[in-house]
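Note that chain A is present in both complexes that follow, paired respectively with chain B and with chain C.
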Partner chain A sequence: MSATHADTIVMPTRKSPVPAITFAGLILILAILPAFVYPIFVMKLLCFVLFAAAFNLLLGYTGLLSFGHAAFFGGAAYVTAHALKVWQVTPELAIIAGVVTSIVLGLIIGVVAIRRQGIYFAMITLAMAQMFYFFCLQAPFTNGEDGIQGFSRGNLFGIIDLNETMNLYYFIAAVSVLSLALIWRIVNSPFGQILRAIRENEPRTISLGYSAQRFKLAAFVMSAGLTGLAGALKALLFQFATLADVAWQMSGEVILMTLIGGIGTMAGPVVGAGILVGMQNFLATSGLPVTMVLGGTFMICVLLFRRGVVGEFLHLLERRKG
Partner chain B sequence: MKNLKTIILSTVFTLSATAAFADPYRIGVLTDMSGMNYDLAGQGSVVAAQMAVEDFGGKLLGEDIEVIVGDHQNKPDVGSTLARTWIDEQNVVAVVDVPTSSVAMAVQEITRQKDTAFLISTAGSSALTAEACSASTAQWTWDTYALANGTGRALTQGGAKKWYFITVDYTFGHALEADTTQAVTAAGGEVIGSVRHPRETTDFSSYILQAQASGADVIALANSSGDTMTALKQMQEFGITEAGQKVAGMLLFLTDVQGVGLDIAQDLTLTTAFYWDMDDATREWSARYSERMEGKKPTMVHAGVYSAVMNYLKAAEASGQAKSGSKVMETMRGMDINDFFNRNAYLREDGRVVHDMFLVRVKKPSESTSEGDLYEVLATIPGNEAFASLENSTCPLVKK
Partner chain C sequence: MTTIFGVALPVLTGQLLIGLINGSFYALLSLGLAVIFGLLRIVNFAHGAFYMLGAFAAWMLLNYAGIGYWGALFLAPLVVAVVGMVIERTMLRALYGLDHLYGLLFTFGLALLLEGGFRHYFGTSGQPYAAPEALRGATNIGFMVLPNYRGWVVLASLVVCLGTWAIIEKTKIGAYLRAATENSTLVQAFGVNVPVLLTLTYGFGCALAGVAGVLAAPLFQVSPLMGSNLIIIVFAVVVIGGMGSILGAIVTGYMLGIVEGLCKVFYPEAANIVVFVIMAIVLLLRPAGLFGKDS
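This part shows the complex of A and B:
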């Protein structure tokens, strides 16, 4: 995997206008998109884009493959849903409660998992996420297979009614763009450079005097928190939280999104989430066996586009230049 | 240039206008086309809905009716998005079937908001007609209470007094065990013990040994699908039924019995809403169904889908409109909804369709004459005994 990483590293030049233009373009697209595409679908897409981007922060930039991100996604979703339904707080407080939950979970799972590397790291995260899944299965407040369902989205800051689709749309769009900008900022900071250094050569980073464990834990917790934000938004959007959000399949799906899009690129998770969520939605009424088509797509990606769609595209650009 | 603009605009307007006017009424079958519920519901539900539309004559209030299909992949978010788009953009007037209770609950929130008819056949969560009930919903076929309660009561009355439970350890299993316990004690039996297992267990031997040693008359499986099938296979290895103990499945479908085979499932007692080989009417309908499904026998879910869609169309025609699901349901409450599937049936205000249920015994391989010949019907359970009464209902629509 390190071979593919090595040539996707693009050291950002400080004053490059590309990111600013990209973000401006993203905002513009999001502003006009609801005129053409069903807004609920776009919002769902944004939740998964954020989820995949948060996951990529860990896998792509720190080189840690977590198989337990569903715990943060679903945990935050459950707490947000419970806060809205039972505690009846305003949505922003419910989201904060969800994010705090995922940060705490991230801290607990992270402290244990980062002590090991590679497959052992992945297995520890999977095991702890499964423990959390069974906790959610049994805990009375999650209502087992029925999930937490049917609550009002409430008023943002007590004034903006989020039950209005377009209000909700602009709220979710704004939070998603800000979070993506935050991830971009983390990746392109000195902190992000050290994460990449750890990914490339951990012993060497340690020999340079950095405490790799602390950096890894920080990255893990940040990724967990942002994943939680995605889960909380999704719960707010759909007005339910169910076992599907904490099940291991959800952890698998986000890996799939990141791989198809392109590991270690900013745009990769965005494209990957778009492809996967789009396929799930559009294949649903096509009469084709969805899971088989998704599996086939994944195989084709692994065999033909090892760097993912975006990674392959960037690679092509590089080759043209060189 | 101006001409071109006019032409384009007028074409766009005509197209959008015809699209709006020629939109037929659509029935959306939202089911599992690629996962574990495919055999139980899946394609069979689609065919059953199409049969109902054809038998009805293909037209509702003078407009065409079209059946469309969605695969929710057992994901609540996919199901919820699909249902919402269908209703908002595709003139879907009824959403049908919906396996997996979390998806059904999510869809019910949307059909309630949009006042669209929701005809539930596969989902069996009792919550759908309890605290989460909706005026535009009809839960047609079964619920967990009816199956557990039916089997519990009938077996106890039949002389099997001492019960032992093997229960899956989460809300669903606990509820199933509690409902059955209530029925058993009400009928004069007693529960002498129970053991809990985690979901998706592969080794049931220690639980089975405890159940066997308890000396109970009945060992009840309060779990579902994969767990039930694994437990049944292992109980066969321990020779439970040969030693004289009865095994009862609290939540078991025709497809589960076919899945494990008669060798293993023989003599099992269970409750069902429908069996194809009950009388001429069920046989006639099932034969028509089998013809279109490569000889497969319909499950109770498939028969329920047909009956639900058929009665929905009748009620919509009678109420003079299809858009408001709650008005159609109101008409249906005053209607006779009896047919080959529904016996002594009526629709309650909480959305529960009350009808007779049947206690059946799985045949021995030697008694079975054909592939689909699986059950012997032991008794009819009157609807009012089978389903939970409205007395303790938590549904806000029930006036007390």
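This part shows the complex of A and C:
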């Protein structure tokens, strides 16, 4: 994937005020948005923004296409829901349990998958995630087709009642913004530079003395953990976790979000998740077959629109400049 | 009653037969994937959808045109091949110069489009498709009773697989194909029309999936989602075998089907995931796959 979108990445310089202004703007928008938009919709959107951003950390900045991220998303959702329902712990502990699960899963799948590259990597992650799907289908604690549902969100730190929509909204908004800032920080750190070097030219990075396998595994586990956080928040928000969260269609959806928005751009996953979640909301009421439209969108994006919305926009800016 | 490892013989042979049948489908589908990947360098995610299309083509030929099983066995793969070739000519072609991942993503979209479309118009419940008159009933072959149609599926898939292998390894067109796999620019310079070869190869790979679909139609119900779960197992089969070799794809396909069948007898809880577990083990011990030659 590297050569085609390398030109779309704008490296912010260290002292640039743009990221700070962007994040300030994002916080401002999130603070006033519930006055205009249904808060549940915004929260759902935030979960998928975080999911897509975590996925993009792997695809966009390390050049690894995972077809198995649903395992981390759904695995964390299941454990969070189980912790809230059966163990009856506070929500922050339930979320941590979910994230730890996805990190462990990420380690196991990552160790196997990074042994191959390119399309093999995609197929292996898909197969491993499908294995996890069958595990969830049969394991007793997931309740099979019914999923885990009907639990209270509980009190955050034992004090703040998350069953109040606005409390939940500010909690999810805060966690999402902090996670996005963390991803931005990872991407713009020396570690992120090495990831990009691996994406551009792996043999050369190895010859410079970096252990590419170890960096790839680290990126994979970070992406899995952040994906798990998104899944845990989703379980908390909708108060259920089902097989749909671990199914391969979910892995496909997050790829499409990243592709529509722009692979390897910071804003791409945000825009892509917005477009896809909005589209699904619209299609759900329109009677059009959702899967068919998604498939068609996929084909069109790959054929004509590989830079994505944000990527095309940045490309235009570049062309204007010089 | 005869028992082996404490399992009654009929149970064992019964599961072995089911394993062999699943293996037939794994072999046919991974063979098609290997042929397409060898020349086009595209992992055809839509392969499961083409398999489903083959089964639906047989069902439609019967219900709308009155053409029975034997006619469908030849016509349905042809329909699938034509659909595949049109897609290759009009769209897939544009992706050859790019990273292979785009081919995977495009065919993934195609799979969603086809399956979503069929699900919208036919629903998720399967359509029944009867086995042909000549293959109904069962034969007693001494140690077990073999349903005729199941025996036919194993036989037919073996013939198709070996036939494909013979075409690729022993004929002139196969030689072109192998040469183009090694170095397509040079083959083009020798006057072989490589773009047409690419189109035909994609069509042929899709037709193999179509054959599998027609063979599957009387066994399982004809349903829009019949291919989507199968294709992921076939991917694992391909990773285990390594995509380099045609014969490797066939052997791995049958082998894993049988292993899965045996697993159903001795440890049924793991039957769904045994192929994936084997994949992980093979990757840890031999990353290139059992028959793969790593670059």
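The rule we apply is simple: the second predicted complex is superposed on the first by the 322 of 322 C-alpha atoms of A that agree within 3 Å, B and C clash if a C-alpha of one lies under 4 Å from a C-alpha of the other, contacts with A are read in each partner's own complex, and residues count from 1 in each chain.
Criterion: a residue touches a chain if its C-beta (ideal position, glycine included) is under 8 Å from a C-beta of that chain, and two chains touch if they have at least 3 such contacts.
Computed from a prediction, not measured in an experiment: that's the story for all the values here.
With both structures placed on the common chain, the touch criterion links A:242 to chain B but leaves chain C unconnected. By the touch criterion stated above, A:290 is placed in contact with chain B and with chain C alike.
By the touch criterion defined above, A:280 lies against chain B but remains apart from chain C after alignment on the C-alpha atoms of chain A.
With both structures placed on the common chain, the touch criterion links A:234 to chain B but leaves chain C unconnected. Shared-chain residue A:25: touches no atom of chain B or chain C.
By the document's definition of touching, of the two partners only chain B reaches A:40; chain C does not.
By the touch criterion defined above, A:259 lies against chain C but remains apart from chain B after alignment on the C-alpha atoms of chain A. In the superposition on chain A, contact of A:138 is made with both chain B and chain C. Applying the stated contact rule after C-alpha superposition, one finds that A:150 touches chain B and leaves chain C untouched. Which of chain B and chain C touches more residues of chain A is settled by the count: it is C. Overlap of the chain B and chain C contact sets on chain A: residues 134, 137-138, 289-292. Taken in their complex, chain A has these residues touching chain B: 38, 40-41, 44, 134, 137-138, 140, 143-147, 149-150, 234, 238-240, 242-244, 280-281, 283-285, 287, 289-292.
Against chain C, the residues of chain A that register as touching in their complex are 1-4, 65, 112, 115-116, 118-120, 122-124, 126-128, 130-131, 134-135, 137-138, 248, 252, 255, 259, 289-299, 301-303, 306. Chain C makes touch with chain A in their complex at residues 43, 91, 94-95, 98-102, 104-106, 108-117, 119-120, 232-233, 235-236, 238-239, 269, 272-273, 276-277, 279-280, 283-284, 287. Here chain B touches chain A in the complex through residues 33-35, 68-78, 80-82, 84-85, 88-89, 100-102, 105-106, 108-109, 125, 127, 132, 169-172, 198-199, going by the rule given at the top.
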